[in-house]
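Two complexes, one shared chain (chain A), two partners (chain B, chain C).
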Partner chain A sequence: MKAKMLSYTRQDSPIHRLTGAVKLLFFVLWCVTAMITYDTRCLLAMFVFSLAVFKISKVKFRNFSFVLYLILFFMLLNQLAVYLFSPAEGVKIYGTSHELFHFAGRYNLTAEQLFYQFNILLKYFTVIPMALLFLLTTDPSEFAASLNRIGVSYRISYAVSIAMRYIPDIQRDFQNIAFAAQARGIDMSKKEKLGARIKNVSAVLMPLILTSLQRIETISAAMELRAFGHGRTRTWYNARPFAKGDFLALVLIVAISAGSTLLTFYDGTRFYNIFLNR
Partner chain B sequence: MKKPIIEFEDFSFQYRAQASPTLQGIDLTIYEGEKVLILGPSGSGKSTLAHCINGLIPFFYPGTIKGSLRIRGIQQVDLSIAELSEVVGTVLQDPDGQFIGLTVAEDIAFKLENKNVPQQEMTDKVAAAAEAVGIEAHLQWSPHNLSGGQKQRTTLGGVLVDDVDILLFDEPLANLDPKTGKSAIELIDRIGCRPDKTVIVIEHRLEDVLHRPVDRIIVMHEGRIKADLTPGELLSSEILAETGIREPLYVTALKYAGCRITPDQHPEHVDTIRLDESIAKLRTWYESQVREMSPVERETVLELEHVDFGYEENRLILQDISLRIGQGEMVSIVGKNGAGKSTLSKLICGFHYPGKGRILFKGHDMRGDTIKERSRYIGYVMQNPNQMISKSTVYEETAFGLSVRKIPEEEMKVRVYEVLRICGLYEFRNWPISALSFGQKKRVTIASILVMNPEILILDEPTAGQDYRHYNEMMEFLLQLNHGGITVIMITHDMHLMMEYAHRTIVLADGRKIADDRPSAILTDPAIVETANLKETSVYQLARRAGFDEPQEFVRRFIEYDRRKRAR
Partner chain C sequence: MRKGKGLSIITIVATGIGSALFVILGRFGSIPSGLPDTNIETTYALLALFAILYGPVAGLLIGLIGHTLKDAIFYGSPWFSWVIASAVVGLIIGLAARSIRIHDGEFGAKQIIRFNLIQVLANAIAWFVIAPVLDILIYAEPSNKVFTQGLVAGVSNIVTVAVLGTLLLLAYAKTRTKQGSLTKEA
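== the complex of A and B ==
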């Protein structure tokens, strides 16, 4: 079948060796930092850094190519929308206006707007590689174990892991159900009109929900029979102790966050302004 | 002195949602170290009995208990599921559904994790348990890459990892092919022979379980214990016929020949049964049966010519498949998991297109036909009816295919009613589907396909999960449809189905067709039986033990005779 999309593949790299909780903390802090700053210098530095991390992780392009294209497409839409809704946002922020081109009415193209949207784009580009990496390099069960270690209830942690376990099964159920429905002449392809198509797809949902409920009943019975939820705590077969790399990663992300935030607010505003005459 | 480990005393149980008790007046004592088979048709209460032993009743499935049940001397209701799991290890029916971990190792470790066993100790115990069940080479594998048998081994490993006294198997053979089922029974036997282990197997496939000896058989019928005896006594009695359980085929063959079965013959296995004077009777019976008539010539309805198919460029799932199906034939397609059986049906229905080769319907190349167009003459019925049913009443579900085709209301009604009558569902036409039994649901799915007047019906495992009585009902129903002119193709693991109903059997292995012959020829060919994960039929073994020169011919005559008996 097709190469696995956006799911964990067993590999060995310094990134894979980090514990799941550290990766989550790193990712969250990274996102917050990237969201706060509009400082182009910080964003550029973070972007280069994330590319370097990507390289170290040895993740294969085909494991995420499809998702990447999807994200790029939506990013393009997002950029268009930002411009359509507020074409003068850049002018408002940077306080100057260098018009490059005029379309119609209030729609003109300014250097400020271009720069503002370039910064937004850059934000996405700093976050996307990290998000992909987090999904691709985190072993779900080890992640559950490390979530539990940092204080999340083991019932919730385990729910994460069990969801991962069942996603492929439910996908397969869906394929089979859709196959049987189509073999009954229930058309879900483009040949059918949109309204009918939606109705026909919903015919697949009911059996999918029923079979999934059945799965849930079986699995919860199986889990109870093996004493899940009895004790106040549990141990984890796949737990990994915090290693030197984990502490290193934590120190690194704290340094990056602090450095970036300092640099951003050094001149009193979130925005790095290239239009000022210094 | 034998020590009792499970004691039921005048025990009854009623599920909260049910109007009458599922178990009534159960008196049963199981002793330490015993190996017991609990036998009964669906709905006899055997699974409910198992749930009482492992604590799913009353803690997971609530209801009313009367009488007493003691496990190792302690009242069951005073314990919790977790405490019971210290004593009773359960292997549930569906090896896929109960696989909890993301890898084999984690799944085996699950119980230990919940008991807070330190990681280092856990690793050692998991390794030992994996070795005991022979899965140690796959510790890091995910469930999606394992076969059904491997999944079951893993689950068993997960039970053995924590030293329990009672091992409870709830229909361990349900989802396994014949060969894997055979090795599962061997594994259960190997583990159960330790004197401190008590083994309880819940099943309705008597012959398969008796592949290895059991001490005692408890027969359940309509919520009560009907009999409690040794295998030899059971096979010599009329109890099996009365409760609707299939007797071992070699016993049937002996009975056809007019032999009486007695416990001192040791009838519990085809290799141990003393034949003596039975041999003469078998010979007389054999001589009285006619030799084969030549098969009927049939017009070709479906033909595959050198079909190749693969999802990826250089990995073919099907290779050079050629076959033809005659009008009005009833054919079975067999082969182990991953042999390409379901891919083949997807090709025929038009879900995928062959890379090479042609698929012809009555001489017309179907390449240009869409799934929807093909659905007018080919119907496909899935194994699990719940995966097909999308409406809430029997009528709506059956009419669904017609309503998307915009057939006028009046005509639709006529056609649906007619099909429901054929399927014996007319009285249920306004019932909600959720109120039907598994077998009835299956019929609804068949009805919903038949209503579109297909000429070919493809069924994936039509008898999976059904006991002997329901199996018979389903197959006689399909036979009746077949006599009505519909060509039936069945994808199956079930050797009885093949033997009793298929005109012809096509065997796939590793994407190739390795055999295409009468079932009697397939089931007596050791090479094919081995590669397709089948099992030799015990009638063949009986014929050989009785010293027939042509055991294959004996099997064929048995099948012929058996079909005539059934048809009556």
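== the complex of A and C ==
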């Protein structure tokens, strides 16, 4: 049950040195930009850029390799599903049809479909490196401070901070309860039939949730006693002032977003059509 | 406990702990149903319970924060269309919190029906409409694919919440003292 999860490791690189707020802002703008555009040129440029940033960050491959395999697997499934459900989506979007190969019935392989699915793939691949990088290089305890810095109310930032703080604790609780249940013969693994399995999971769920409710009472009583929420703002132990690199990163992301959006909508459509001028 | 403006402390803490639970149950508490790509997500039963216990704001935030963190930590990048759908589920179910009053230990047939009506509505809006439409808007995926996915996820979530969510609420109601449960001796 020991699942690996992405986590921050202390290292020194220009990316690690950026403040959390800037990295968060960069990541959010990057995602929005990648969501808006379907322009192959923008996506390719952004993908190459993100790889370059990855190189600079000196993050080790083994820290995220397990997630990468998972992502690639899901991506493959998704691509297959897209094709199975709609083999002519590309033809519909780009308006032309260059058939390369015919399988059976409505399933043929067109250059347009290939290009369309390549674009979907590219869209994910521009976001994933940045998401991984953000998670791997940002100190979780700095994260709440960053959220607050970019304008999220400090109460909500604090809720996020509590969530991140308690994920390991609740995972441990879950394991303890699950082991205790197994010792009593309540099996949650796939050896059990579906109906029994659901019943057994709920046997673990109940104590987990009740202890968590108790925990909520304790924590909120403690926060209440320390007058949490009395002031309109609060300061954060882990907040850092912006340095030169932070301003540079901000300028860069604004330029990328503006440039990409301009280029995408310059010809009036989200999609970059390579089939038009043939 | 609520002090006019802003979130109350209990809502903040419930959001934090609820999100952490959402992450853990989302990762370890999902049971493959036998059909490809569809899991029985026990975590939505938890979301329903917390939404009923702590209200719409907590429900919305748990869906939003919990789902984002779960996707980010275990799968590397959040899938925003489904994150927003989760948040909507929490919000809508939370709106029923006031009319169910689980804190008073009252959870009989009437409340069970009310809870299930609202959860079916919430899941239907989120998975049959919001998630697929956002998938099309954001990722431009083929519409029949995303609507099929939404349909499967929605139905499986409705069944999960109907069974597990109701069970959890029943169990919780039993731990509360009923209002007016004391009788005066003659």
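Everything below uses one rule, namely that the second predicted complex is superposed on the first by the 272 of 278 C-alpha atoms of A that agree within 3 Å, B and C clash if a C-alpha of one lies under 4 Å from a C-alpha of the other, contacts with A are read in each partner's own complex, and residues count from 1 in each chain.
Methods note: a contact is a pair of C-beta atoms (placed from the backbone, for glycine too) under 8 Å apart; a residue touches a chain by one contact, two chains touch by 3 or more.
Keep in mind that what you see is a predicted model, and the values were worked out from it rather than measured.
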item: Which superposed partner A:Val201 touches (first chain B, second chain C, both, neither); value: second
item: First (chain B), second (chain C), both or neither touched by A:Lys244; value: neither
item: Partner chain(s) touched by A:Ile156 [first = chain B, second = chain C, both, neither]; value: second
item: Chain B versus chain C as contact partner of A:Gly185, first or second or both or neither; value: first
item: Partner chain in contact with A:Arg106 - chain B first, chain C second, else both or neither; value: neither
item: Which superposed partner A:Cys31 touches (first chain B, second chain C, both, neither); value: second
item: Partner chain in contact with A:Leu70 - chain B first, chain C second, else both or neither; value: second
item: Touching partner for A:Leu210 - first (chain B), second (chain C), both, neither; value: both
item: Those residues of chain A which chain B touches in one complex and chain C touches in the other; value: 1, 161-162, 164-165, 169, 205-206, 210, 215, 219-220, 223-224, 228-229
item: In the complex, chain A residues that touch chain B; value: 1-2, 10, 139-141, 161-162, 164-165, 168-169, 173, 176-177, 179-187, 189, 191, 196, 200, 203-207, 210-211, 214-215, 218-231, 233-239
item: Chain C partner contacts - residues on chain A that touch it in the complex; value: 1, 3, 5-7, 31, 35, 38, 64, 67-68, 70-71, 74, 77, 81-82, 84-86, 89, 93, 120, 123-124, 127-128, 131-132, 135, 153, 155-156, 158-167, 169-171, 174, 178, 190, 194, 197-198, 201-202, 205-206, 208-210, 212-213, 215-216, 219-220, 223-224, 228-229, 270
item: Complex interface listing, chain C residues touching chain A; value: 1, 3, 6-10, 12-21, 23-25, 27-29, 31-34, 37, 40, 42, 45-46, 49, 53, 61, 65-66, 69, 72-78, 80, 138-145, 148-149, 163-164, 167-168, 171-172, 175
item: Residue ranges of chain B touching chain A (in the complex, touch as defined); value: 54-56, 59-60, 80-82, 85-86, 90, 92, 94, 96-103, 105-106, 109-119, 122-123, 126, 140, 143-144, 158, 311, 346, 349, 351, 370-372, 374-376, 378-380, 382, 384, 386-391, 400-401, 404-405, 448-449, 452
